[in-house]
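Below, chain A partners chain B and then partners chain C, in two separate complexes.
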Partner chain A sequence: MRRGRPAGPAGYIPAIWPALMLCVFFVIPFAIMAAISFFHRVEGGFYEPGFEFANYARFFTTFFARILGFSLFVSGLAAVVCVILGFPFTFMLTRLGRRRQVLWLVFLLSVLSLSEVIIGFSWSMLLSRTAGLSNLFVVAGLMDQPASWSPGFAALMMGLCYLAFPYTVLILYPPLSRLDPQLPEAARMLGASPLRTFFTVVVPAQRGAIVATLIMVFVFTLGAYLLPQLLGRPQHWTLSVMITDQAILQSNLPFSAAMAMFLMLVSLALVGLTYAIGGERREP
Partner chain B sequence: MSARLFRPFFMGLVGLVMAMPLLVLAGVSLNARKRLLFPPDGLSLRWYGELFSDAGWLNAVKNSLAIASLSGLAALSVALPLAWFLWRYRVRYARVLFGLGVAPFILPPVITALGFLSFWATVGMYGQFTAVVISHGIFFVTLPLVTISLGLESIEAEVVEAAETMGAREMAMFRTIVLPLVRPYIFSGYAFAFVLSLNEYIIAYMVAGFTVETLPIKIFNSLRYGYTPVMAVVAVLFVMLAMAVFGLLARFGDLPRLLGAWTPEDR
Partner chain C sequence: MTKKNETFRKAGVGRRGFIAGSAAAAGVAALGFPSITGRAAAPLKVGVYGGYFKDSFDEHIFPDFTKKSGIAIESVAEPTGEAWLVQLEQSAKAGVAPADVSMISQVAMLKGQSSKLWAGLDMAKIPNSKNLLPQFVHKYPDGTVDGIGAVAWFITLVTNTDVYPKAPESWAEMWKPEHKDRIGLLALASNSFLLEITATTFFGGTKVLDTEEGIVKVLGKIAELKPNVKLWYRDEGQFQQALQAGEIPMGQYYHDVAGLAAADGFPVRTTFPKEGGLSDSGCWALSRASKEAENAHRFIDYMCQPAIQATMSRKIGTAPTVDRKILDLSDEEFGAVSSDIPPIIPRYDIYQTKGDWLDQKWTEMVVGG
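After this line comes the complex of A and B, so read on.
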């Protein structure tokens, strides 16, 4: 229903409040954060205006380079696992009847809304020696004695994948539910097995969506803050943990702002890439 | 394994893994003893009683509910006029404004959280309840913005044209055509923002973690300073609330469409 411009200045009134709110409470905070990232830190928890690259230079220490490398690695791995499991899952989901689809969606949304702290807490229990899954395996005769699987790298991966899986499914849901059902049907009619149809027809048709989802999930898990603390060991702490730690506990706002700016540029570049892929796909 | 068997097997397995943490939480919340053991010994509702008699937990419940309901309203107040304006007029900066509304949700939240921290510290409102409400309101603008835009797109052009031909004014058109048609989308946008705000940790922590204790913050603090099954009780109640809200949305609205699926008629 989009046409024309508002008639006269009065027409712009409805846009004033949203534009004002977003500018004051979203654009200005980012501007302040960007400014602080160049400020000079004063020992004892304060900072003074300045312009220096000292905060950014600290990235190039091996300690932070290692954290950055680790953050990118866990998020990347979690994104790959989520898409590998989530893509066939979402495809099956979209082929279900409407009623069962809705039930799944309600369930997935409820899991998606779970706070990270609740996910971390319940997985640390599920992976613990005293009350965890390993006890079930012992009862079933699969293991000799209960084991402690948390904290550790595997526990962190489990938690991150659990956190990101519903998100993955909900991102893949629109493109897959719009997939023309005649496409796989035709392949089946021509004698392709379901598995072959899936890999030679469905997956190639959704290549763009898969790459975009990988990136979105990657950025999403980059933001995980509590899971590395609840399910990982200190060497598994990610950039998100460091940013918060520097800001709140070390009171080094300039350095934490510099890290956040860096993380933002990485995320924006990746999100820009997904838009570029999306735009390319839309062209005939 | 044949394909016919593979689908229920695979989906069932995923469902089981997704449900496991919820089952454990339910078990812990009903466990009679404080210590966690497997198998659990004895059922009791005592931890549920404890939640409602402990002033600290009740205060956190109150804070979280107040922040979620108010910030949802704040998000609506921004999203509704913005979505309407972008739908109604062809303006050049529309994409920029929409991008601004969607950005908080695309970036890792820790970045937005630090932005808010810098802002509230600069204006001297760090640690205040209002600051958390506004921060959550801005952070969750994306959800009502997206749902309301979806609703507006579904209004048929003929209806609006007919109203215009008959000389309806902008305000009358909004009240009599647009608002009734997008009302379900407004509700669902609010519901999404409400549920996610209840569960949000990092922004609430960065803006007022030491003064306004929300439930996720309280759970994390009590995880650090000693375990109590009340945490599981809170988690169970949250999950049930989320399921109730999303269940209602599905009952009274078109959930697949809200999540971006096309109904057959749209094809």
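After this line comes the complex of A and C, so read on.
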């Protein structure tokens, strides 16, 4: 394939279709949302066109700042946990034979196809006192009586990580499978233990991929709004839950649009920051 | 995960039942392909709460209507809360009606009025409306009728019979410290109506909700419940499963669905507390974008007949919207869907006039420490 800029205007023709689709299905809806966030909310009704900052003003309170802070924290933590678990897993996956790799990937893809609803209900069942895993522990003699582990912060974290783990592996898989096997081999020949090789050679070589994955998983879990409702207590309701409440249950589209805009700007800023700090040496 | 998918997924969980993806997909299909059945015999699209309600209407009500009137019905699973209101409004702006007639909650009726979403109904074409109890005829401020009572239901105090061998007698039971972490409540002010329930139980009636100071006082009382609440649910499927299993053995729930679960053999009981059950209802309302007004009137008229109301009470478990005297329901049948204890009537007006303020205070109460 030819690289670099197309020679003339004709070279851009193949880009017209995707650009058009991007415009219709992304840019225009986004512009509508941005516009609505400034519209006038009609209390007890819907909204009417206008330009005001009232919707943003309602958002700038310590109450919503706390919710925003918690949302960012919970997504950030989920991203870190997923990468800590997913990176060694994916590394070992890429060392497996072709057939077993494919089986694992198919399995992970099928987990990815589960909706938040299914995952949320399944986990709340698994963590319940009446039908949950603790009953197995009681049978095994590890616990005296069954306990209820949901809803709560740990349950929410479990659900989010379950939701995002396959996604993490699928993002890490291409860069890790492209990793030159001679790199760790050289380290081993020079006398490094497998563990030392992993931490001093493989991880630094994949720094760019790790940062990119952290960002992707962070953004991915930031959009989860059913798991906090199903597995969390009210103090664990994230901004996405609030946005959904306003849009769907309170028919307050201007306010939900304003919150969505703000959430997006803050996460964009965080993504930019992470990239600036951790991702200078992107391609190994 | 795309935002679009999320919206559809959310639409699948609503006020009336945990709808399977297929039901939501049906709603989406109805939205996307409004005239797939052809212009020649356009069916009347009727929106009913998805899940249990839609299934029951499809089985017990719609086929008979089509047989008697010759009008085909295409039932549309509507999500609950105000999601459907938002969809109807957005579609009406584009001149489209995802459903001609929809079952709409009282708060949503008021909100729809503000943008003239509901078409005025011609009462001359609905002669059976004379049967209705007066509170089930909904009007615009200028007197134009825009909604006709479709179904009424009660929110009552429910308990798991394995965990609580004795039925509770009062809503006040929920405040007792021994029920710590054992109660399930609806998550929003405007669907739980806990303000009205609390005001009636502890403040001598809903009059206290006239002023903001009064509302704040009642909210303070509700906040005392928080240590006892294990789950604030938005979707009833979430609570029903936990109630049946005994995981969350007490809470507020819908009398009809709880009765049905009990009839299916689950250890669940529903009790009208001495302060009364909370009575809520839905109207049939016609979207202004509908082109099937004529058939819509015939459908609404059909639904107001005493015989149909009795069928709904027997088969679906809803409370009738017509006077009990003209129904042929036995005492036992009536008792299964309603109660002689005067009901707590929601203060729909405060969700209209103080909606955003109330929503903010409510959320701070529930979420705040």
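Operating definition for what follows: the second predicted complex is superposed on the first by the 241 of 284 C-alpha atoms of A that agree within 3 Å, B and C clash if a C-alpha of one lies under 4 Å from a C-alpha of the other, contacts with A are read in each partner's own complex, and residues count from 1 in each chain.
Just so we're on the same page, a contact is a pair of C-beta atoms (placed from the backbone, for glycine too) under 8 Å apart; a residue touches a chain by one contact, two chains touch by 3 or more.
As the structure is a computational prediction, the values presented were derived from the model and not from experiment.
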Clash-or-fit label for the pair chain B, chain C on chain A: clash
Touched partner set for A:Glu116, first chain B, second chain C, both or neither: both
Partner chain(s) touched by A:Leu273 [first = chain B, second = chain C, both, neither]: neither
Touched partner set for A:Pro14, first chain B, second chain C, both or neither: first
Superposed model, chain A: greater residue contact from chain B or chain C: B
Partner chain in contact with A:Arg41 - chain B first, chain C second, else both or neither: second
Touching partner for A:Pro151 - first (chain B), second (chain C), both, neither: second
First, second, both or neither for A:Leu230, with chain B first and chain C second: both
Partner chain in contact with A:Ile67 - chain B first, chain C second, else both or neither: second
First, second, both or neither for A:Thr94, with chain B first and chain C second: first
Partner chain in contact with A:Asp245 - chain B first, chain C second, else both or neither: second
Segment of chain B that clashes with chain C, given the candidates 170-178, 206-214 or 242-250: 206-214
Footprint overlap on chain A, comparing chain B with chain C: 115-117, 121, 125, 128, 130-131, 220, 223, 225-226, 230, 244, 247-248, 253
Residues of chain A touching chain C in the complex: 41-46, 58, 63, 67, 115-117, 121, 124-125, 128-131, 148, 151, 220, 223, 225-226, 229-230, 234-235, 237, 242, 244-245, 247-253, 255
Chain C residues touching chain A - in the complex, by the definition given at the top: 1, 3, 6, 9-10, 12-13, 21, 79, 81-83, 85-86, 89, 110-111, 113-115, 181, 187-188, 190-191, 230-232, 234-235, 237-238, 241-242, 245-247, 351-353, 355-356, 359-360, 363-364, 366-369
Complex contact set, residues of chain A against chain B: 1-6, 11, 14-15, 17-19, 21-22, 25-30, 32-33, 36, 85, 88-89, 92-94, 98, 101-102, 104-111, 113-119, 121-123, 125-126, 128, 130-133, 135-136, 162, 165-166, 170, 173-174, 177-178, 193-195, 216, 219-220, 222-223, 225-226, 230, 240, 243-244, 247-248, 253, 256-257, 260, 263-264, 267-268, 271
Chain B to chain A touching residues, read off their complex: 3, 7, 10-11, 14-15, 17-22, 24-25, 28, 36-39, 74, 77-79, 81-82, 84-91, 97, 100-101, 103-104, 106-119, 121-122, 134-135, 137-138, 141, 152, 155, 157, 160, 170, 195-196, 198-202, 205-206, 209, 215-216, 219-220, 223, 231-232, 235, 238-239, 242-243, 246-247, 250, 255-256, 259-262
